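Each structure below appears as structure tokens.
In what follows, chain A forms one complex with chain B and a second complex with chain C.
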Partner chain A sequence: MLSFLSRRLGGMALTMFAVSLLVFLVLEVNIDDVAAKVLGQFSTADQRHAWLLQNGYFDPLPLRYARWLWGFVTGHWGVSTYYHADVRDLIAPRLLATGLLMISTLAVMIPIALTLGVLAGMRQGSKLDRGVSILAIVTTSVPEFASAVFLSAIFVFWLGWLPGVSTLAGGVTLNELALPVAVLTLSSAGYIARMTRASMVEVMGSPYVRTALLKGASLSRIIFGHALRNALGAPVTVIMLQIPWLLSGVIVVEVFFAYPGFGTLLYQASINSDIYLIEACAMIGVVAVVVSQLLSDVINTWLNPRLSLALTKAAPPAGASAG
Partner chain B sequence: MKRYLRPTILIGAGLVGLWVLVALFAPWLAPFDPLKSLSPLALPGTPAPGGGVFWLGADLLGRDILSRMIYGARPVVALSTLATLTAYAVGVTAGLLAGYFSGWIDTALSFLANVILSFPVLVLYIVVIVALGPSPINVVIAVTFASAPAVFRIVRTIAADLKQRDFIAAAVTQGESTWRILFIEILPNATGPLTVDFCLRLGYTTIIIGALGFLGLGLPPPAPDWGGMVNEGRALAFAFPHLVIFPCLAISSLVLGLSLLADGLNEARDGQGRGS
Partner chain C sequence: MWGLRTLGGGRLHPAVGELAEQFRAGEIDRRSFLRTLSWLGVALPSAGGLVGLSSCAPAKAVSAQKRLRFVCAVQQITDPALTTWIEASNLFRNSLEFLTEVDADNITHPYLAESWSPSDDLKTWRFNLRKDVTWSNGDAFNVDDVAFNFRRWLTPNSQSVNRTSFAAITDFERIDDHAFALHLSRPVCSLPEQLYAFTCPILNRRFEQEGGDWPKTPVGTGPFALTQFEVGRAAKFRRRDTYWGPKPLVEEIDYIDLGPDIATHVAALAAGQVDILYRVNISELDLVKRIPHARLLSTQAAQTLVMRMQSDKAPFNDIRVRQAVVNAADNAQMLKFAYRGMGVVGENMHVAPSQPDYAPLPPRPRDIAKSKRLLAEAGHPNGIDLTLTLGNTQGRWEQDTAQVLQQNCAEAGIRLKLNVMPPAEYWSIWDKTPFGLTYWSHRPLGVMLYDIAYRSGSAWNESKFADPEFDRALDDAMAILDPKKRSVAMLNAETILRDQAVIVQPYWPEKFTAVSDRVIGHRVHPSDFFRMDRVGLA
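What follows is the complex of A and B.
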């Protein structure tokens, strides 16, 4: 287990290194662009040149990258050109708010998705099964901004039950969390329900379940005693691999409801060409994905010890395939 | 053939076909000029000043929403198809090379794919669009960059599996060129899974292009596109829901059509595998 972990951590470090290079190359190679973004589009050519010179932008590229990376690792993420504040101080409270949103979503979404998936997979081809499948297809097909519009039209415009924005100005309230959580649950529960269903169908068709059935065990005993334990392994890893998707949805949902989280911050940064803030947000997004992949591997190995041997010998396993 | 006549495929193809036709014949279908200011914030069903009716109302600048929705189908259908095709061209070529040759090509390409897939999708799009600026071509580049790795993985697995088979060995001994082996011998065997993935990915791409439009990072105004219409109407959405509901219905029905099509094709393929 330990060598497996160290191997995965090494792979993670290498991925992060490559990602940082990619972010650097995409956003910082064109230095005139950087100067224009930092100083604003109305700055003069002389001002830009002086600023670039002063900040060492005419040094060779590898040196600049090394300096940039070192600053990043040591927590010097630069100053936001739009907010005029240290990027680190800006991001910390936003991450907390987004974490709250994601945890609330997972807490609502996982029980719903697993229950629906297990119920659908118990009897393949039943009316319930078809119903859950169609529900899952419909909900995953609606983009987050569209379901946000639909739910707002119903609960804010017609019924007037919930607030239309979730700025958390008066502290965290259930009322303000309800719509963002509902939208994220709608768009992500379907996929996990379908995965759970597939896994459950496979287990229900396996020889040991048939044996139990022939032995005369009751359906509830078969499901709770045998099937469930084996059927839930796959969905657990899928849930972890779903996190990058959830993070994309979070950006849209936060912007829609003006939720003061990481997504709104990245959105503001991109609208205002706030380059250092964008770089930091991108890197944090990647850290979140890579860590969730690692967690998914660890959980998977823990649930299925046979994998740990295979994993230490083979290359690191593939991450999220849904892209 | 009969196994393709299932309700999911028929409904899916119907929805997708409908929007493709709307996109193709937009100038004949739209009752008004999508860029012309008529009567701001007119509610659905209001008669228009110069004759005709705003069936779905008018937006903040007084432009007919139905006409904008019809014209908005054009960039959505064209861009998501084009972007998915370029992603496929890159992903399939790289996947065939990596799967067939293995070795360092495979290691390098797989690592690159892993790195790109480590980004939350929308974050990657935002970074690329910020670097390149919002324009139709840059949206296509961003989508290609972000979704080619997933296609790559599918094709790579299939190619790595197939190269062990006898018919490939036969093709090699016959002296067929490598490109012929990759694209004529191996690729046709991947069409089944790739067709299903293509429909799904077209749906994802449509959603992402919509989301970029919604964030104001898609196509520059005033050309109508569905995500952009939602973005423009967002500020007033709680007072005038008609500004945003119809473009949302449009994009949802198009993506639903693609998902149903993918689901139906997948089931039809499964049935074929079992010999029914």
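What follows is the complex of A and C.
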């Protein structure tokens, strides 16, 4: 387990290093551009030159990169050119808000998706299975911007039940969370339900479930005692993959509902060419992806002890069968 | 004379008599008459008998609701004189005041200056300031504050657009604590109106000493005080009890930045989360009309899109290429398809029929054959590849307009590529890109716009247009008080600009916004300059 973790952490560090290099090369190589973005359109060529000199932008590229990376690691993320505030101070509350949205979405989405997936997968081909599959395909294939407009048209413009924007200006309210959570749940619950269903179908057809059935075990005992745990591997991976998506991929939903989260911040940073903020957001996005991947691996290992055995000894042979 | 008197009680300007005669003879309209009188420092209530001004209707009952919520971009403000965003000016307009005020009908009124009077030759202007004004930091407002502002606007290294707007001012003369005179190198008739430009708020004389960052030291003479300012999020203002003028109708104003998507703003209005929207675009009109408790407000302003070609950059340094583009453009079609026909067709010379100095030019119909011929003469017999850069700074209709132009140009063999970038990106290159689409907000007079956008070397001259003959024609027009004679002088300037073909200026779109039906006293201002102390909630 220790070597698995150290290998994983090494991989994480390498990924982050590669992405940091990319971010640096994309945003910091053209130094005239950096000066123009930081000092604004009214700055003169002399002012830009003086600023670049003062901030070491004429040093060799590797040295600049090393300094930039060290600054990032030690928490010196610079000042946002659009918000005129320390990038760290900007990001913290936005991460918190997106974290809240993420937890609320997961809290709604996971029970719905798993329940639907398990119910559908229990009896392959049943009416329930077909119904869930159709619902899942329809909701997954509707993009967030369309479902946001659709739900807004019903609950804001037509019925007038819910607020049109979720600025959280008066504090967190369930009313304001309802629509963003509903849109995010609609777009990803179907996918997870489908994954759970497929996994469940596979497990329900496996020899040990058949044996349990033949031995006269009840369906509930088979599902809760044997099948469910084995069927959760794939959905857990998919759920963990939703975390980086919920952090940075929810831009559409956050912007649509004016939700003050990380996605809106990244969007504003991009459209305003807020260079230091884009850099920090990109790096945080990478951290989120690799950390959630690590978590996903750890949880999968816990759910499936064969994986940890394989990891501590050798890779499992291809096509190793379950049971 | 017809009961007219000046704001300061002094002698009437000699031109007043002639203007009144013209108005009585029906040669100039009521609005032009009142507007010109206001420049000359005539007290407008004294003109009531002549033009039939009625007293204001009594205001509706104002409710106990004390907080007004306004959807508006909250942009960075540092030095208000360097502001390039009107939205930002609408925030500091609550705390900072101007020497004059121009209302939604383009009539100039006293503000921090209680009266003014020009010399007969319009080259010396005397202003008298109010004596009862105090700053929010306790300072008494006086001529030193005004002198401080003029000095920093006009200093040779000033980056404010005011340096160009007031280039004619040669001297600021302090007369006493509450009076000053401006000496000009050439006559400028509309000086009082120009003092309400959004870059002309009067800052406290210690603004620079205190760091030159207004939101950090938000000292002002206005009806509200800034209490919170977060770029991209929100700004809050609270009523000042020591304000010199009438008490504002609301206690607090919350400006809420809901991002650039106007459909989101409309959703907030539908849900009753906000009271006033800054702007509604053509694409949201139908949505607003379906909200039962919302009112749609509209006006025809001299705002427009300009697709300008920089005359000093290839291939646009060849006038034939520019003329080919202008000849290919179908302005009426752009209005019809990109803006649902809700506006007035433009004439590629950037003066609107609604502006008093507008002089109609003979129509110049679209001519594809001529366009092709000009291209061939310019050495492009097989057509030409051009790139138009735009940023949808006001909404998607900018791109829709550009796409119609793209189709128009294709007919003449001009292969137009559209380079669409984010709004903020566009504003960093708006005056640098060779061929760009820029939104120009309303200016009360055509001469004001010509002065900042087309005069040789002016600060916002994005087309790099430089023509001494045009500059002379503009000088002539700016010196003429008589609206009739001014529009004749403008004919020259307009003709030169259109003939030089630096712009395709397709149409004058109507301006829309929406408010909750509880809002009273809010009018669409053609320049988007909103005074919130007169707005309340029913």
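The definition used in the following text is that the second predicted complex is superposed on the first by the 305 of 323 C-alpha atoms of A that agree within 3 Å, B and C clash if a C-alpha of one lies under 4 Å from a C-alpha of the other, contacts with A are read in each partner's own complex, and residues count from 1 in each chain.
The rule is short, and it goes like this: contacts are C-beta pairs under 8 Å (C-beta built on N, C-alpha and C of every residue); 3 or more make two chains touch, one makes a residue touch a chain.
Please read all numbers here as calculations on a predicted model, not as lab measurements.
Overlaying the two complexes via chain A brings chain B and chain C into a clash. Applying the stated contact rule after C-alpha superposition, one finds that A:167 touches chain C and leaves chain B untouched.
Once the two complexes are overlaid on the shared chain, A:82 sits against chain C while remaining clear of chain B. Of the two partner chains placed around the shared chain by superposition, neither chain B nor chain C is touched by A:235. Of the two partner chains, chain B is the only one that A:146 touches; chain C does not reach it. Counting the residues of chain A touched by each of chain B and chain C gives the higher count for B.
Touch criterion met: A:273 reaches chain B and chain C at once. Of the two partner chains, chain B is the only one that A:137 touches; chain C does not reach it. Once the two complexes are laid over each other on the shared chain, residue contacts for A:261 go to neither chain B nor chain C. Of the two partner chains, neither chain B nor chain C is touched by A:180. Looking at the shared chain after the overlay, A:245 reaches chain B, while chain C stays out of its contact range.
Once both structures are laid onto chain A, the chain C stretch out of 330-338, 456-464 or 492-500 that overlaps chain B is 330-338. 149, 152, 156-157, 164, 255-256, 267, 270-271, 273 are the residues of chain A that lie in the contact sets of both chain B and chain C, per the superposition on chain A.
Chain A contributes residues 36-37, 41-42, 82-85, 149, 152, 156-157, 160, 162-165, 167, 169, 255-258, 260, 264, 267-268, 270-273 to its touches with chain C in the complex.
On the chain A side of its complex with chain B, the touching residues are 14-15, 18-19, 22-23, 26-27, 30, 33, 133, 137-138, 140-146, 149-150, 152-153, 156-157, 164, 244-245, 247-248, 251-252, 255-256, 266-267, 270-271, 273, 275, 278, 281-282, 285-286, 288-290, 293, 318-323. Listed in rising order, the residues of chain B touching chain A in the complex are 111-112, 114-124, 126-131, 146-147, 149-150, 153, 203, 207, 210-211, 214-217, 227, 230, 234, 237-238, 241, 244-245, 248-249, 251-252, 255-256, 258-260, 263.
On chain C, the positions that touch chain A within their shared complex are 76, 82, 159, 230-234, 256, 258-261, 263-264, 266-271, 273, 287, 290-291, 422-425, 427-428.
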